[in-house]
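Each of the next two complexes has chain A plus one more chain, namely chain B in the first and chain C in the second.
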Partner chain A sequence: MDHSKQIQEIASRLFAENKIDYFVGYRQNSFDDTQVPFLITDPAEIPKLVFTERSVFNLSNYLKPDHTKRKRVGLVVKGCDSRALNLMLTESQVKRENVYIIGICCEGVLNEKGEKAQNCVECVMPDPVVYDEILGTASGKREYIVNADIKELAQKALTERADYFENIFENCIRCNACRHSCPLCYCAKCCIDQETSTLYHGANTSSAGMHALMTWSLHLAGRCVDCRNCEKACPSHLPLHLLHKQNEMVIYENFQQHLAGMEKDDRGAFYKYSLSDPDDFIL
Partner chain B sequence: METEVKKAQGTMVSAENPDITAPADWQPVIMGILCNWCSYAGSDLTGTSRIQYPPNIRIIRVPCSSRVDPWFIIKSLQTAADGVLISGCHPGDCHYISGNYYARRRFLVTKKLLNFIGYHENRVQFSWVSAAEGPKFAKVVAKVTEDIKQLGPLHRYKKENF
Partner chain C sequence: MARVGVFVCFCGANIADFIDVPAVVEEAKKVKEVKVSVLYKYMCSDPGQQMIRDAIIQNRLTSVVVAACSPRMHEKTFRKALSDAGMNPYLLEVANIREHSSWVHQKDKKAATEKANDLIRMAIAKSIANEQLHEISVPVTKRALVIGGGIAGIQAALDIADARIPVTLVEKSPSIGGRMAQLDETFPTLDCSQCILTPKMVDVASHPYIELIPYAEVIELDGYVGNYKAKIKKKASYVNFDTCTGCGACTQKCPVKVPNEFNMNIDKRKAIYTPFPQAVPNKPVIDAEHCTMLLKGKCGICAKVCEKGSIDYKMVDEVIEREIGAVVVATGYDLWDPKPYEEYGVGRYKDIITSLEFERMVSASGPTNGVPLRPSDGKVPKNVVFIKCIGSRDEAKGIEYCSKICCMYTAKHAILLHHKVHDSHAYIFYMDIRAAGKGYEEFVKRAQVETAATYLRGRVSKIYKKGDKLMVRGEDAQIGQVVEVEADLVVLATAVIAPHENPALARLLGISYDKYGYLSEAHPKLRPVETAKAGIFLAGCTQAPKDIPDTVAQASACAAKVCGLFAGDTLKKDPMISTISNEFCSGCLNCVKVCPYQAIVTEEIPLGHGSKELRTVAKINEGVCQGCGSCVAICRSMAISLAGFTDPQIINEIVAI
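What follows is the complex of A and B.
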């Protein structure tokens, strides 16, 4: 899955035709074989653009006004990234005419250990759902698989699970990198910052970590596309996907097999309802 | 210090945290978040009908059950509450037509996620109570209070412990 040449050609064409102000792609890291997001305004930097199975990050995140200042952007998206972008378009965070999307039919990216990443093994949509140009051959929608870690954890006893998650929340340093790296966390003010507002509440405890991560994951429930940008950004290497995949599983099983960002103009699962939604848990 | 005293004479064991116990006469604090149009009026009817219900519930009025952000539940469990009861209009009776349908989706996901990270499923409960259902409200509160008494005090992630 090496599309570096094609992406370079497309980028230089877009700059030549003056269709874009920014191009967002990937660049080789200087010290190892990993890649980093690469934002360019100068066509002279185009030869540095690459795309291989090491291109792990979700570049839709760079459509936030902080990065590209609502200008015209060309960007590279994989299947999951395009779902996030689709949601951003639906939620009016970015104008369709301002983005030129190069969709890539993804064959799965590698994790830090060099194996195929878990979210790629369990991927439901490797092809881009929104694009101007498509590279590679589409392989179509796949069947939904319940996350292996979720299944394993669900088997454990309540207290065991509680201890496991307390350890996770304890290790959260609350740097908010998960929030900043998420393309769907775009609120100008965030309610989880309330806990940071005073000296007392700002203390970094597992309680504050639980509050921050749980609120964050529940606000993303029904919208998370499982790109795992948050997990890649987390300096404490927390398994943040557990919270999101749990929500995704409950939503898929109970709400008409809803998966976020798969269709145009389809908002999150919590923006619609069905009269037949389960309510056996309500007294 | 307080927890240690409780431990010495304790008989109630926390469901999430077996190390934590409380005296037999321990009373839980339950956060009740009620919708203005049905459940709040229902609880009012319970009072005006002179029906007794456990005083453990602390009621907050919200415009609609869909006003309840999962964040409220997390904040309650993190601060004072040992349990949360959220109540709204019956499906189809919402003052805002469809608010409780949206709320229902959120509640299911919130409940499952809280259970997944290690809260007992009875800590957070939901009910539909209409403005005419005074006796039902008393029954619901009694049931929820009893459930949470069984579970014992909530200790994990409580802010006061840090």
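What follows is the complex of A and C.
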């Protein structure tokens, strides 16, 4: 999966036709074979653009105003990234005419050990769901699978699960890298930081970290696309996907097999209501 | 420093018998912000309110807690007491220690007292964070919409219009009149239904303040009290009402015959028809499901015979809009289908009919010219059995409630039968005779004595055929024996049920309905014509089964409510509504999606200070917001807060327990 040449050609064309102000892609890291996000405004830097199975990050995150100031952006997205972008479009964070989307039919990216990443093994939609131009061959939607660790966690008793999460999230240092790396965490001021949200105030205790993460995961429930940008950004290497995947599983089972960002104008399971909704899980 | 006054009510014995009120008063004094804590027998009485007013002034209170009944009951009373003492009324907090404690914990005084203490502590904590709020004024559109043109809708429309308020009356069928137009004579005076109804129908059509829209349905209602916007779909009638003179040539010549629903399908009408001779407007419509011209493009006779050229086969449904300030819902009732009574042979034996079928037959303008006839052979019946409570008071097959009017109309049917067929005899199987009403008991007596109808107390277990007669087997509980009656005709008094469209209509209007489909009033005793949504009122059987006098009374009550609403140029509105902070709003607009009142609009603001780039944020329309709080719950960035229920107030409450 190497689309570097094609991406460079498209970027040159977009700059030449004055269709974009920014182009967001990947470039090779200077000290090893990993890649980093690469935001360019100068066409001279186009030759540095690459795309391989090392292009792990979700670049939709760079459509937040901090980075590209709501200007016109050319953007490279994989299947999961495009689902996040779809939600950003639905939630009025990005204007469709302001973004030129190069969708990649993804064959899966590699983790740090050089193996196929876990979320790519479980991927339900490797093809871009929203794009202006598509690269690679589409392979279609796949079956939804839940990994054993999530199922095992769901089996645990409530208190046991609470202890488990409290234990592993004890190492949260509240740096908020997870929030900053998530394309769907775009609030002007996060509820966790607001003066009125006394629940998260006080010392940085272990449970404060857990509560903040739990709230964060609930705000992403039915919206998280499993790109795992947050896990890649976490300096404490917390298994944040455990929260998101649990939510995803519960929602898939109870909200008519809902998966986030698959369709245009789908705001997520919690934001739509139909008379035929099953409500057997409501007490 | 906050200075709180706590006022605990005995509510006679309602609270004092189950809660140790003096102990509660002492407990409240332990909170350091509480400057005065007192009790009184009836806090809502004038001396009780005076106590609050005096305490506010003497102790320079900053907020007031009243521990009494539900705020739904007396919040307004106490708010007024506060403003009379010069205090902002929204600094009041009610701790509901009656419905929430004394009434539900009658067996455990200690626990009830503890709970009352908790509720009061919460209220004190919340009241400290309460803010001064001010009522909002919104303009009013002085036009009423009446949905349904039965006697309820007609009465409401006429009464409102007589107060010189414009009314739009929407009726789904081609003519107004409703169920009452189908009736022959009415209990308990036996005056002719048509004779008393028709003049009112004509009044509606000719009233300068009434706009009558027949053959139409309300399909959308947006907005809020005083400022609703309704979309009304005028169904294609294929007849131009402006030029049609109602001469009837088309209905005479039309070759297509269709069962006549106005006559309970006993006879036939044409595909182009007016429902009944006294119809208002007296203009025909084409039934698109049966007209061969519309279905197959062949025929066109009505267009040929129409001298005015009023027939227009190309007519389509039209949607019109009206701005209105209030709505009266009067959609009437349906009748229960007796099919589940298989043991009676319903559906198998032609000579078992429903009461409304009987009503049409005895009507002078009905399909049999006022003589009841057996559907099987067209003979005049001699022995007629009436069975009451078909579907009503029947948990197994039908519904639980009593449908209220069947006892009376069955007595009426017995009398009418005697009038039409002098040598006939009526047998009435009943469970109870419910004849509460002016002149009602006397009317039932008249059926029993004057017409010598045989009243048999008991249920019918079986009906079977013997020759051309129907054998009705039932129990006479008063003699404790099984009886069998040989009947020529059996009439089933089927229950009144809510129209099947009611749930969909309720959702469209944003009002609630009960498990049977009846639209719900705001309070069963004290607000019987209002719905929980301001500016929407209920008249007639759409709320519960009713007879004509009650229906007319309720319709007039609706009219009084509408006139009261429109008495001023503006409406005062509760300030407990949502506000959105631009600073925190991320512009995801999920709140727009979840708002049930379409009260949230969008606004473009600069991305940052002095920035030329814009971003979209949500904005509350103050007039429309009802303060339900859905947006507050859905907002991830906590940008929305609901006045009177802000986060600090709620957190204070939680911390207090």
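The working rule: the second predicted complex is superposed on the first by the 254 of 283 C-alpha atoms of A that agree within 3 Å, B and C clash if a C-alpha of one lies under 4 Å from a C-alpha of the other, contacts with A are read in each partner's own complex, and residues count from 1 in each chain.
Going forward, contacts are C-beta pairs under 8 Å (C-beta built on N, C-alpha and C of every residue); 3 or more make two chains touch, one makes a residue touch a chain.
Worth saying up front: this structure is predicted, and the values here are computed from it rather than measured.
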After superposition on the shared chain, which partner residues are touched by A:S139: those of chain B (first), chain C (second), both, or neither? neither
Touch check for A:D279: first (chain B), second (chain C), both, or neither? first
Between chain B (first) and chain C (second), which does A:R70 come into contact with in this model arrangement: first, second, both, or neither? second
Who does A:R267 touch here: chain B (first), chain C (second), both, or neither? second
According to the stated criteria, A:C191 is in contact with first (chain B), second (chain C), both, or neither; which is it? both
Would you check which partner chain A:D163 touches, where first means chain B only, second means chain C only, and both and neither mean what they say? first
Kindly classify A:V250 by the partners it touches after superposition: chain B alone (first), chain C alone (second), both, or neither? first
Comparing chain B against chain C, which has contacts with more of the residues in chain A? B
Intersection of chain A interface sets (partners chain B, chain C): 191, 219, 270-271
As the complex stands, chain A meets chain B at residues 150, 153-154, 158-159, 161-166, 169, 191, 203, 205-207, 210-211, 214-215, 217-219, 221-222, 242-243, 246-247, 250-251, 254-255, 269-271, 273-275, 277-279, 281-283
Listed in rising order, the residues of chain A that touch chain C in the complex are 65, 69-70, 91-93, 186-191, 194, 196-198, 219, 267, 270-272
Enumerate the contact residues on chain C facing chain A in the complex. 583-590, 593-594, 607, 613, 615-616, 634, 636-639, 647-648, 651
In the complex, chain B touches chain A at residues 15-18, 69-71, 74-75, 78, 91, 98, 101-102, 104-120, 125-128, 140, 143-144, 156-159, 161-162
